[in-house]
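Structure record follows, encoded as structure tokens.
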Amino acid sequence: MGLSPRPDANVVSIDPQSQESWVTTRLDFLVNWGRANSLWPMPFGTACCAIEFMASAASKFDLARFGMERMSFSPRQADVLICAGRVPFKLAPVIRRIWQQMPQPKWCISMGACASSGGMFDNYAVVQGIDTIIPVDVYVPGCPPRPEALIYGIMMLQKKIMAERMADKSLRNEMEPDPTSQLYIPPRLIDELSEPFGNSVHQTRSGL
Amino acid sequence: MATTKRTVDVQLSTTGMDSRGRPQRVPLVTDEAGNIVPMTAPPAAEPELEGDHMLINIGPQHPATHGVLRLVLELDGETVVRCIPHIGYLHCGFEKIGEYRQYNQIIPWTDREDYLNSPGNNVAFALGAERLFGIEITERCKVLRVIASELSRIISHCVWLGTFCIDIGAFTPFLWIFQQRERVYSMLESWIGARLTTTLTRVGGMGADIPDGFTEDLDNFCRTFPKVLAECDAMLTKNAIWVGRTIGLGAMSADEAVNYGLSGPMLRASGVAYDVRKDFPYLDYETYDFDIAVGQAGDVYDRFLVRMEELRQPIRILEQAPRRLPDGPVNVDDHRVILPPKSKATSDMESMIHHFKQVMEGPRPPIGEAYVAVESPKGEKGYYMVSDGTSKPVRWRIRPPSFVNLAAIPKMVEGHLLSDVIAINASIDIVMGEIDR
Amino acid sequence: MSTPFLPVVAGHAEGAGAMIPVTPRNVPHHGGPENPAAAALRAQFAAAVHRVGVVWGGTTVIVERAQVNAIVRWLRDDPSQRYDYCSDVTAVEFRDMERAIEVVWHLRSLPFRRFLRLKALIPRGEALVVPSIWDIHKGVDWLERECYDMFGIRFEGHPDLRRILMWEQYKEGFPLRKDFPLRGRFSRSEQLRQALAQNPEAKYSMEELSIAEAFEDLPAEMQQRLSTGERVGE
């Protein structure tokens, strides 16, 4: 017999001459293809971005074209957390708990400037980016992003999912922040990174 | 086989009793034999069951709370005994940050505070700041601001209608009405370049004049939007399920509504004809021909009817406004507050100085204070600004209508069923961004 | 079928000859027509009315702090005033640290279509306490709570004066005070640590936990904490 040539990695091959009903593909590709095209988003809408998210889901932009018509309002039956809007400190434990309640595999889209970086709210109340609380896969810039931008972000996430490997366990590794790991940001660095920009925190020229 | 559509005549309602013996408005329906009967016979009294009260938590992440509201409900069986709302999950420090920004720099924040009504908030803030600066805006600017406010009323009520329908279980009007909303968005986009967060006004004028073809778009919208509205109306207003789920819920009497500080459609549904546009007019609203809708019972159904009418009335104003749009400048001719045109700023010494002073120091109002209220889609939206003579306000206060409206929810839901809490909450038309600020 | 419905129309007390209200134009900075309530208040509460001013068309009456409740009640009940609608309760602190903190009430009379601003001054160094008007206008419930949350002003007589926007164990102070920095008193990492240290499922207040069976449903660890008197607020 000998070895048959390895099929192209990302193509489902069908032999049209054959009467047999079988296909060959890579398991990774098949699983990722299924995952990427049937994402169940969990909209965590807090502010303005939630309205643009609703517009994306409504008639004109129609998110259902991307296999996302099934909004999951329960985190336990969701794949993608779409954090749309600003996240104040009072909401921080809530979004972390929601993230913990979602089953693997799960992804997170940070929609809008406020969720990604605190945006224009550099003050006492707002978390400066939800990536200080939960891991984020795709950042969608904009204040708020247009529905097209959100859809583009979702397509980027689908691309990312297509490149995943099931054998790579580290993708699904859930650990509390470990001070020895590379991902850990020490408090000193957080403070340094979130220094105020320009003179935006002074009330008057005298700095009061 | 002929299907009979079951409709109710909402004009004909009778007074009945609910299971707890309180008076309730009961709609009359025509049954299959053609007789007019009360829609639901009062259910037989349930036997008293032994048991303790139960604690139920709704939110902060729950699709029916329109954001991040949290309600803790004490239930006796399925009946709400007490409701304890928790807010503040979206507190972003707007008022604090306003003390660190110049007046024109605050306008982007007003977009994001009641984000369904951004152009309306921009107008409200600009009116407040202009009172504080002592500026009289131009006639053209006034008309443009009326157009912006009324478009903003329409898109805000569109979101309310869509989400209210979803909460009660009707999905179709959401899709219909969001299509219309997109049309308003594209008009706003052609005007100022942004869909949602418009930053439409400046102190003393507008960010931009309307583009060519805008009035034709507006006319087109005014012609076609009422048809879609009529479709929604035909689908909901006399629909037996809709009426059954909304009538008699969360009623507030006129005295209570005033005492609880309700405003906007919530107050008018309770039978108080108070509209800031009529009673404390601004932008020459007294010269436009429009009506305000007043409800009778102050229940969820009346609020629905009042808001539906408020979707129709702006069309009347939007038909009048472009007809009277005068030519002339949009911005005031006062370089203390309005930037000189860019071409002059680079060629004319005086304009350059004005430009420099405005950008570096910002316009300075005299010492004083001003409270200016407008009729936002949610109610009386007020901006209270205090100036100490510097270019940044000492205090920028937002009077949030839905904050005060929501404060009455413990009173409204008491004694109703758990499923009715969702309908009552949706009828308040809350925006958490405005409530928590 | 039912009695004819008559809406309560704002402005109904003005009488038949009343003018339709119009958009104010060229509002002067100081001066201009004074709200008739100011003169009436001077006559009724002579000693309690400190100063009356008209700024940008709005009449401001500065009154004695302790008398606020009585004044607001009189304004609502007197048939020639009828200030039945309380728009807003808020406070103003000035950048000048010597200047008194002002508590501001915005009242509206719907029957007469009038607007009045009441102010009470709290000089520096004195306790931040003013009387609540919750027993007169139920709508001020949350407004007073917010004012307490943001400024630390206590409204005496308010039934449930808790923090409303910030959580109950917020340690940094009162955000809208001028000595409060824009980014809060703690560093970003400390703010984040404190926020995440809260247990989102233990966020019932004591009042809520006292409801019937709820106590038994709590985890043993929380029951133990509650029985030692620990406050599990938000």
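To keep things simple, chains are lettered A, B and C as they appear, and every chain counts its residues starting from 1.
Convention: a contact is a pair of C-beta atoms (placed from the backbone, for glycine too) under 8 Å apart; a residue touches a chain by one contact, two chains touch by 3 or more.
No experiment lies behind these values; they were computed from the predicted model shown.
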Legend entry - Most centrally placed chain - per-chain CA mean versus overall CA mean: B
Legend entry - Contact-richer chain pair [A-C vs B-C]: B-C
Inset, instruction - Among all other chains, pick the one whose mean CA position is farthest from the mean CA position of chain A. - result: C
Legend entry - Centre distance in Å when chain A and chain B are each reduced to the mean of their C-alpha atoms: 32
Legend entry - Averaged-CA centre spacing for the pair chain C and chain A, given as whole angstrom: 41
Legend entry - Whole-Å gap separating chain B and chain C, where each centre is the average of the chain's CA atoms: 22
Inset, instruction - Find every residue in chain C that makes contact with two or more other chains and list them. - result: 95, 166-167, 175, 180, 182, 234
Legend entry - Two or more partner chains touched - positions in chain B: 88, 91, 93, 96-97, 100, 390, 436
Legend entry - Where chain A touches two or more other chains, by residue: 90, 94, 123-125, 201, 203-204
Legend entry - Residue ranges of chain A touching chain B (in the complex, touch as defined): 43-48, 50-52, 54-55, 58-60, 71, 73, 75, 85-86, 88, 90-91, 94, 98, 120-121, 123-126, 143-144, 146, 200-204
Inset, instruction - Enumerate the contact residues on chain B facing chain A in the complex. - result: 60-63, 67-68, 88-93, 96-97, 99-100, 108-109, 111-112, 115-116, 159, 162-163, 174-176, 178-179, 181-182, 185, 195-197, 390, 392, 432-433, 436
Legend entry - chain A to chain C touching residues, read off their complex: 89-90, 92-94, 96-97, 122-125, 127-128, 132-133, 187-188, 190-191, 194, 196, 201, 203-204, 208
Inset, instruction - Over in the complex, which chain B residues touch chain C? Could you list them? - result: 12-15, 52-55, 57, 72, 74, 82, 84, 86-88, 91, 93, 95-97, 100, 131-132, 134, 136, 254, 258-262, 271-275, 278-286, 294, 296, 366, 368-371, 373, 380, 382, 384, 386, 388, 390, 394-395, 397, 399, 403-404, 406-408, 436-437
Legend entry - Touch list for chain C against partner chain B, complex: 1-2, 5, 7-11, 20-23, 25-27, 29, 55-58, 60, 84-88, 90, 92-96, 104, 106, 110, 113, 115, 117, 137-143, 146, 150, 163-167, 175-176, 180, 182, 203-205, 207-208, 211-214, 234
